[in-house]
């Protein structure tokens, strides 16, 4: 994932390439739609997502309940609409935090090298050696189940990849002329890193963030699927799918709606990330 | 050359054919039985397998009456402090060693003294064990203890081979040896436990007609049911409520149900706010719609309850009725408890979709009286730890049940009882529960329990919500599987068609 | 080359030590007490204390760590708290199952990805490329628990073709074993297939623009010859790398896949170990999977370095 130093003209070209990439634009639009749904859930949802109705258990889709009702008679459509909030906030917040911490660690490791680098990278290596979900499950079990704790677990497991990407970029950037020049001019380390190096390595980090958000949404729904995420009655796609699994024979619609939404949301971020990579990484272009 | 190949193929097929003739009964359970040593076992599911490997001193029949097993007869002294058992002669363990009174003494003493024995509490009333002859043994008690025979019909009465205990030590649990109709062959963790018909069982009228009994754990209820419906297993228990209908309606399978011994309820922590306030406990209890629980979560497969004694129990009483939710009462009690506008608390539940569904029902009930109930779903392990430390407001918890009524009430409501999670303490209840376990006449005991229950129900430290049923799904080719309220499947009489 | 390998191996020691400490401390700060869990409904304080003593859980943590790590160095992972079973034995019993699953998943991934990767690289930029790209990204985006549920719904509930779950060993009945492994392998393999397709496309594109391919073309080697004789062979290293990197993802995926299809493998062992707080078992399972991931990434690094000298910075 090496990139050349972007200059204003390459940036414009990148933007152009991005806009021409229809898939990436589709991803961006989808994400926009999800964000709107999450923000205006109260307005859009036709029913209260936690209102139970014991006379309407497991009803198939109808004009009243577009996606049918679940095992407590709640409107599945309203629940997936509210579930968007959980998934998006888990993805975006957890990854933003992880990126912040990971980039700082990577910057320090790459810039100071030597002892600091050794310590940071050994710990990062150790973390990477844990299977992602295993670490997340263990952390979620330690912290106790709640959305915040699930997000925290996802943050922790997402840090290493940012540290690695950043360190790699810094290692190649610091040998470049503009950094050497700045050092010669007496600029201090923090300043060089934040003002010069960081903007130049932003591309790969943005790509990684997008892809990590996709992973984080999957991770949140996996944790909820295992009962370690949001607590009932708050709707979450993963939890809805877990409950619905038991009713596949009689009420498959309760599984289809949340499953498809997880899929589309993750796909949207992956499309965007993939398109960004194509746009920012000229090696893949002819 | 070709002839040899053909001959080889024929031999292989022959071998396959004989292999296929070996008749196996596959049983689906909800968990991998953790421990097959009766001394160390604490999970209900262990008993399913143990009961095929070991015989017990006595057994219970479907009417919960004590019947002979390894003990053919017994006599109880008038004061109820001396039990004398006559033992069945000429019984051998699977390892060939004989069973006699010394073996009984060895086993009971092992259960009572082994450092990590889970049986100590049940046998605490025994003072002395005397071998009178190879076929006769006498137990002297410190005080009369009515539940003793019922206790000996369970793990405390299981007789294991002393030679095998000596040989395997700590690993006896992985090499269990008893006198039962099936002997242990091997276990693969989370995969299967394989038992084999001994063909030499002493109860000749009850010898199974198949060769192998295999237990397979399927933690997921859907998977368990799907395996039964596809014929991959022939018997399964328990059954998720949503799968009951499919099993009952399928042409190849049938459903057998009987009222169980256990109960489910909501221990409320009486040692801290808000539930140290009796009126608030009563207010929450008044919102419970037990009929809706049965209908919505269990599709009519459980029995709404207010006491810990299910209909099959000798202590069952019609005196306590299941009332519909009473909002008036709830509001009145809220005012009485100085929280006229409602209050809020958190209920801990174990992970699992049925648990979550049930808790959301409780939550909706509470809301009708403006009581704000939050749900915290944690693993069973964490739940027990927090229950033990009294670090909770309310729990959703149950009990698998015991044949003697004492096992369903004493430890839950006596001050400092092992399962008294709510920290309940009522001197009058303490006195009545002690009295009841020393009384052998069941009619008198029932009256004593009625007295105690009046306090217990009104104090609402542990509102009981429903009795679960024992549900067994099986293929129609499996015959003669007795249905027992204790939920244990006894396979010795089973005939496979 | 050798010095590089040795240096990497030297680095591995502190990292693995950190891994053991992380494993140990993570496991110990899990709330909940194994003794209490084992006793379940019947826990009395005296019994809990006796059991803790018996299991060695009353000793100070550092002492427990050292006695564990000493045993690990002797190749002994200890005994399961639950029933005193040897953990090495349990793990060796479960590992083949998960390896079979992972192997079949990889196979599924390869079968899907190689043609798709070549196709997109050759037809780059067209509508077909976009379509396959969307498919590949869909593979990555489809949560494996949803795919598993869908497969069960269609092939078991609806069509009744394949039993929904269960497991028989290949020794018992190979046909049945493969039939039962089919849906889990597809469930687990599609994500990897997506990743693989993307990488294969990228590396094929790179190779296709290189001189030796042009030379081959100029020499009149046919399109198929170029692709299979030259480009694919050279694009194979990145594929191996992805295999290595996907091991972690596969192990994570196996946790969920084994749960859905009730396969008694490594993943379910792990979930059980967490749920019962079987400390030695959990430590053993996590440690072994970490070491496996570590070894694979080590091999990948070596492989890379031996092929691409630029990697050997420092």
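A few notes on this one:
In order of appearance the chains are A, B and C, and numbering begins at 1 in each one.
We adopt the following convention: a contact is a pair of C-beta atoms (placed from the backbone, for glycine too) under 8 Å apart; a residue touches a chain by one contact, two chains touch by 3 or more.
Bear in mind the structure is a predicted one, so any value in this text is a computation, not a measurement.
Ranking all chains by how far their C-alpha centres lie from the centre of subunit A, first place goes to B.
Overall, the chain located most centrally, as judged by its C-alpha mean against the mean of all protein C-alpha atoms, is C. With centres set at the average Cα position, the gap from subunit A to subunit C is 21 Å. Centres computed as Cα averages put subunit B at a distance of 38 Å from subunit C.
Averaged C-alpha coordinates give centres for subunit A and subunit B that are 45 Å from one another. The set of subunit A residues touching two or more other chains comprises 141, 144, 226, 242, 245, 248-249.
Contact of a single residue of subunit C with at least two other chains is seen at positions 31, 157, 259-260, 274.
Of all residues in subunit B, those touching 2 or more other chains are 222, 379, 382, listed in ascending order. The residues of subunit A lying in touch with subunit B in their complex are 52, 54, 57, 71-72, 141, 144-146, 226-228, 231-233, 239, 242-243, 245-250. Within the complex formed with subunit A, the residues of subunit C that make contact are 11, 14-16, 18-19, 22, 26-27, 29-31, 124, 130, 133-134, 137-138, 140-143, 145-146, 149-150, 152-153, 157, 198, 202, 205-206, 209, 248-249, 251-253, 255-256, 259-260, 270-271, 274, 286, 289-291, 293-294, 297, 313.
On the side of subunit A, the complex with subunit C involves touching residues 22-23, 122-123, 125-135, 137-139, 141-142, 144, 171, 214, 218, 221-222, 225-226, 238, 241-242, 244-245, 248-249, 252, 255, 259, 262-263, 266-267, 270-271, 274, 283-284, 286. By the touch criterion given at the top, residues 31-34, 36-44, 47, 50-51, 53-54, 82-85, 90, 93-94, 156-157, 160, 163-167, 259-262, 264, 268-269, 272, 274-277 of subunit C touch subunit B in their complex. Considering their complex, residues 221-222, 240, 242, 246, 292, 295-296, 351-353, 356-357, 359-361, 363-364, 374-379, 382 of subunit B touch subunit A.
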